[in-house]
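In what follows, a structure is listed as structure tokens, so that the remarks can point back to it.
Labels for the chains are A, B, C, D, E, F, G and H, by order of writing; each one numbers its residues from 1.
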Amino acid sequence: MTDNFEDLGFAKLDMSRRERTGVPETIYCAGKTKEQLVEIFKAFKSKNSPVLGTRCSAEQADFVRAAGLNVKYDAMSRTIVLQAGHLPRLNGRIAVCTGGTADLPVAGEAAAVAEFFGAEVDRHFDVGVAGIHRLFARLEEIRRADVVIAVAGMEGALAGVVAGLVEAPVIAVPTSVGYGASFGGLAALLTMLNSCAEGVSVVNIDNGFGAAALACRILRRTQKHD
Amino acid sequence: MTDNFEDLGFAKLDMSRRERTGVPETIYCAGKTKEQLVEIFKAFKSKNSPVLGTRCSAEQADFVRAAGLNVKYDAMSRTIVLQAGHLPRLNGRIAVCTGGTADLPVAGEAAAVAEFFGAEVDRHFDVGVAGIHRLFARLEEIRRADVVIAVAGMEGALAGVVAGLVEAPVIAVPTSVGYGASFGGLAALLTMLNSCAEGVSVVNIDNGFGAAALACRILRRTQKHD
Amino acid sequence: MTDNFEDLGFAKLDMSRRERTGVPETIYCAGKTKEQLVEIFKAFKSKNSPVLGTRCSAEQADFVRAAGLNVKYDAMSRTIVLQAGHLPRLNGRIAVCTGGTADLPVAGEAAAVAEFFGAEVDRHFDVGVAGIHRLFARLEEIRRADVVIAVAGMEGALAGVVAGLVEAPVIAVPTSVGYGASFGGLAALLTMLNSCAEGVSVVNIDNGFGAAALACRILRRTQKHD
Amino acid sequence: MTDNFEDLGFAKLDMSRRERTGVPETIYCAGKTKEQLVEIFKAFKSKNSPVLGTRCSAEQADFVRAAGLNVKYDAMSRTIVLQAGHLPRLNGRIAVCTGGTADLPVAGEAAAVAEFFGAEVDRHFDVGVAGIHRLFARLEEIRRADVVIAVAGMEGALAGVVAGLVEAPVIAVPTSVGYGASFGGLAALLTMLNSCAEGVSVVNIDNGFGAAALACRILRRTQKHD
Amino acid sequence: MTDNFEDLGFAKLDMSRRERTGVPETIYCAGKTKEQLVEIFKAFKSKNSPVLGTRCSAEQADFVRAAGLNVKYDAMSRTIVLQAGHLPRLNGRIAVCTGGTADLPVAGEAAAVAEFFGAEVDRHFDVGVAGIHRLFARLEEIRRADVVIAVAGMEGALAGVVAGLVEAPVIAVPTSVGYGASFGGLAALLTMLNSCAEGVSVVNIDNGFGAAALACRILRRTQKHD
Amino acid sequence: MTDNFEDLGFAKLDMSRRERTGVPETIYCAGKTKEQLVEIFKAFKSKNSPVLGTRCSAEQADFVRAAGLNVKYDAMSRTIVLQAGHLPRLNGRIAVCTGGTADLPVAGEAAAVAEFFGAEVDRHFDVGVAGIHRLFARLEEIRRADVVIAVAGMEGALAGVVAGLVEAPVIAVPTSVGYGASFGGLAALLTMLNSCAEGVSVVNIDNGFGAAALACRILRRTQKHD
Amino acid sequence: MTDNFEDLGFAKLDMSRRERTGVPETIYCAGKTKEQLVEIFKAFKSKNSPVLGTRCSAEQADFVRAAGLNVKYDAMSRTIVLQAGHLPRLNGRIAVCTGGTADLPVAGEAAAVAEFFGAEVDRHFDVGVAGIHRLFARLEEIRRADVVIAVAGMEGALAGVVAGLVEAPVIAVPTSVGYGASFGGLAALLTMLNSCAEGVSVVNIDNGFGAAALACRILRRTQKHD
Amino acid sequence: MTDNFEDLGFAKLDMSRRERTGVPETIYCAGKTKEQLVEIFKAFKSKNSPVLGTRCSAEQADFVRAAGLNVKYDAMSRTIVLQAGHLPRLNGRIAVCTGGTADLPVAGEAAAVAEFFGAEVDRHFDVGVAGIHRLFARLEEIRRADVVIAVAGMEGALAGVVAGLVEAPVIAVPTSVGYGASFGGLAALLTMLNSCAEGVSVVNIDNGFGAAALACRILRRTQKHD
């Protein structure tokens, strides 16, 4: 086990991850100072390595840009991307579905990360089970996906219903959307863990990144067998 | 407020409830001794008053029968009924739906209580959202009901999906069916409280009785306006 | 199932709901941008459809009004209403009761929504069980209601006491009013779910809207039988 | 601080507590072996000291009696008493109220302990708030008490309602009676802690002993001032 | 039961409480607008009735004073008092003890309320069990009290230790002081409910008011027997 | 959507699932009566359809066998299998790893279900992180798998460590193994949901079946692309 | 990292641990079959290696003895020991203190394990803080210990009070002793985690073994420096 | 027990602690006013006693410095130190390890406190188990420590893995780093309490101070035996 990490003191960066594994590096921006982010992005740029940051605030993004780094920031999904070198392409499609409008930031993070990792992503937003015809209207399209990411807050029933309707693996992402007895996403999390339909597994509340990373691991497996 | 209760020492019985309100009396059997139950049923019989007991064990029922009381016991729903005098009839239908087979005892309690209170009940069992076509196969029938009681454990998503498909009020009953992160029905309870569809309210976990009692209050309201 | 939703990208609006079901549309404003709200209200206005928004901040309301939309905003209940066309009228009365002064925003939301849906509403505020004579002073009036909505935080005992005193269905709304071991409304929620009186069901913490929507479903049922 | 404890190895007994403080000793029987209980009761008998045991099973009581000890056992309250010497008398009355029949074991423990400590006890059982006229029928009597112990499970609303109706201090005892979302008495505990009425404090779930011990401390204070 | 409440619309004030019961009225200021507070204090002043407000912010207090009301505000305990007429005096002493410095606001509230209700109060601050000699240094004084109020956050062990050392009733007030696994006072609350020493009961987290109100009920009982 | 379910009253069986989807049917035996199980297995036998039952007690299995059904029962994994017709074969390998010996029943269920669904399974038991060299000794083998199922109770750290060492998707199964603050598997569940390594998702506590079903969905996806 | 484990299939045994590290091996018996235990003990005997089993039931112990193994079983602490070869001796003393009699099984496990690991152990049982003079009576002796293990259920205040009185490190063991709001030891666990005194750390509920193992690690460190 | 505390009214300071016990005093700054901090630091300065403050905000530190006190403030660990007199030196090394960058403030507090108490500290930051080779790269160094402090948020698996790899006692510090189902550090806390490796104990969430204080107690024990 050789250590490929560059040690900035406050963080150890895996500069050769893409070369080694085909998977580019990602950074969790929340809790990092603006100065630390600049240093990190500069380190990747100097190696001509692409990098994506999640949970990046508009203020952080502005600071990074002001430092002369040519990054792309998406406010809705709070992702920041430094394009560099050549990104891998993955075969297969990921469908990202959401229960409601308020789940968009989490779904957006999932979609942005999956695309950064090389996957093709179909977005099916606002197809929650309270008006189930909206889901059926999209079903044929969703069934074409190799992996489905189901993002939902409040009652979180979307994942189980979808898993009963498709054959692909379903990754459920509970969101903290809701109030009162949603307890910050706990209700949706429990719903998803207790799904009666087979074929569902769950990541942490609001963890769009984790869902996308797992979905891409699945697609890479698919590839391996081609 | 005149007190119509007969005081047996261990319990105060409302002997004239049916005369006064049109609603016959019910008894929660769990936690009562066999001897206490016999005494209670005899008191009602002596007044020619009907009474229904919930959460009645087979052993309790045998003991009551052995004491010469002509009761009807249903093992699945754990209800015991002493027919006496004349029961009220309610206009309107109640649909009792369940997510899975294991929810039957709770659903059975709801149905038995509603029928004892005079309602007509349609049973739609095993129509959970994991195989949603089972629900759609019954939808037209469910839409005919004046009140829907949706009984479900595990993820508990049935109530919200049904509420999005019918116009009647939906009473959700979470059940303790499940394991692990169902936490004894807590997961289903939270799902139902966070339902995105309007028109749903929730009773305690496994409380089939409470759902039926509320459903019949609604039907009585309907009647009043006829 | 024909889809009557107008897709604004960030939301799918049910423009023909009132024509189809007699129930006008409502919008949950929290988490939507000011610009999105304007777009939504304009879409309804263009179809001459009424719409009510809940959880609307004063700032959101000001922005909508500044965009030239003739809406009515009520700061206490945080509701915003666009009157348009003809609203349905419902027979029957809803009594909205609160335990204390601090429950007013939730009770106000329930009352505003019920009135928007066409119901007649009686308000009985500050009748909590700590000074139970205040409740008895209003009891005769409350007994005239077809549905009672009982709104209470802290100990949340109001719903159970009321349900023991009236014959109408009681919809309990726990509120997040309180501190310490109220745990953001959890204490009141549990109290209400464990109500010893029959005839009570519960909606989410602070969900005045849900209580009103359910109450109106009940009134509509009543109507159907007239 | 002189140590008055007799050390049996498995327990240290305060043999001179009554002489020193006027308060006879009590023993928590649950979790002790039958043999240990016999040894404990013999030790007290040898000093002609009275002692009361709580949470005593019928089997434990039988064993103690079979060992030749002249004890009085009450199955309902699970208390066992060795009368010996002279018990103190306390001025003042304690009212023990319960919400329902199933709360009797806890209420019985409170009453037995209070009487053992020398207090006069009035029992008001089955006066829960779901049928509040039952409480009002007893109110004048309850108001005569110097301390009220309010024992209730499920929703646990009794304590707060009583505290709003009397001037005496109210000690609330939540019980584990209930099912589902009562979570073993947690719901009643939270209700009582959040009581809107002033003058209420709470002991542990099912802790009839603790309520009685505190009530008698209060009565002793009263005495001191006579 | 005659209603002595003055209805301000947003609140019902018990103007004759002091005359009727000897106990002056108190107001919970949190969640009330500044304008409402002024109206309330003016109503009491017009009847020459004293009133104490708890959880009063400095901003609220300034506004009330600016409205020409002659109130006394204490920033540490967040209490505001309108002196008027004649306050009752209670025999007996209350000892208010705290575990640490950070518990002072809650302890201060308890002390201020008890004094407003006419009790004599001894303050024993910063006597927590981590340095138990601090408690022993004050013990003789604490033993003179008729009621002990033990205020503590974090581990909350003070109440149980004190109850084992005094003969007076002990009212435990958990505080939200702490971090991490104190879970906003839950740890201290559970500690106190599980106290091994007899003679302890518990009020809500941070509820200094409730502890004082109960302590004064106990003192009044004492008086009654004089 | 044609309904292929055979309705036994107490259960609706999907008799043609294997023909339709290539996935044979499975039955959750817990909560079903022995007689119901016999009826279910006979129905499948009559159609020459294979079926696997999970959570099957030894008593249930004996009864089914006594009814003349030729089933294979495995006590450790509590699975019961009726071989019939032709089972599908899936390309790709699943590695099932466990933290400790006590996790074997859950891991066994996962392995049995995966094999029933046609997958090749490698078992790596007792490779928990407390003695991490045990995991490293197996690492090369585990890296050959297309999907890793990581089963662990108590601290549940296995899944995250494995995910950092392999490139395949990792399905984490928390188990209820442990005591005290493991809270029935909650600790392991939370650990797994908060995994710092990417590529992990989680199923319900003790849900070996769900992990296997999901793993096979992933393998089927792989196949599709071949 | 050479693997010294003997693989029995169901368990991997570290046969050379004592030789390698000076620490003899221990076995967690709960959840293992009687046959597995016999096999494990035989394996150790064949290598002349000592081994201690924790959480061993009387039935398990009888079976092991019946298999001809010369083990010593202690019913109170549920430990079973196979003496073999030469055990290490550790310098330094460990004081094991308990709050009450019911904590003895956990304290006994701690003491037995520490003695098996070679430490000298002083037992100070039933010195809980409700009668704090019992603790002071033992204080000088406790202060002589190099490590203090404080075992307590219910309120769990012992650890914090002791840590304020001694200079040695204190290892707190919450026990599941208690009822109601002790929530299976959660209350004691939280108390100990929130200890105001410095020098305390906490192991899992009822984990006497873990406390002893840690205490002996500390003593071994001491030795190293001699 | 002589009282060595200087009573400032709002706090009792142990001015002679260093002289008496060799351990200098520490202050918890959070929740204290700036003026109180100045008074406290002045009191220590006047006695030429060193003191360290934890949880000190930059604003508090500025104010103390502006008051002419020569203190050293470290923003990352939020510690403030007044050097005075002669600090003790401890033999032995403490290794402070963290899972990730975001755990630095807590780890920094632990390191600063340990150094203030006289220990030598090695820092091993960002060695979390998701990339376990980072830990192995540091293992030999970590093994040299006499006590290991393992600081980790999110899944919190670091402590258990380290304890399986070293022989020194391991003190685990869960941090509140994370989101969603980390529930403010609860997930990491539970992971650590359930550690399968022996030799681990746990302090409160984010309690770097407590871990250091305990580690130094252990080192002092070591010394005593030299």
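Rule of thumb we're sticking to: contacts are C-beta pairs under 8 Å (C-beta built on N, C-alpha and C of every residue); 3 or more make two chains touch, one makes a residue touch a chain.
Source: prediction; values computed, not measured.
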| item | value |
| --- | --- |
| If a chain touches chain E and chain H alike, it appears here | G |
| Pair of chains joined by more contacts [C-beta pairs], B-D or E-G | E-G |
| Degree value of the rotation bringing chain B onto chain F, based on Cα positions, nearest 5 | 90 |
| From chain D, the most remote chain by mean C-alpha position | A |
| Averaged-CA centre spacing for the pair chain D and chain A, given as whole angstrom | 58 |
| Centroid spacing, where centroids are CA-atom means, of chain A and chain C in whole angstrom | 36 |
| Residues within chain D bordering two or more other chains | 131, 180-182, 186, 189, 193-194, 204-205 |
| Which chain pairs touch, all of them | A-B, A-C, A-F, A-H, B-C, B-D, B-F, C-D, C-E, D-E, D-G, E-G, E-H, F-G, F-H, G-H |
| Residue numbers on chain D that touch chain C, as the complex places them | 99-100, 128-132, 154-157, 160-161, 163-165, 178, 180-183, 186-188, 190-197 |
| Contact set on chain B toward chain D in their complex | 1, 3, 5, 10-12, 14, 30-32, 174, 176, 184-186, 189, 204-207 |
| Residues of chain F that touch chain G when the two form their complex | 101-102, 104, 126, 131, 133-134, 136-137, 177, 179-182 |
| Touching residues (chain side chain G, partner chain H) in the complex | 21, 91-92, 146-147, 167-169, 171, 189, 193-194, 198-205, 209-211, 213-214, 217-218, 220-226 |
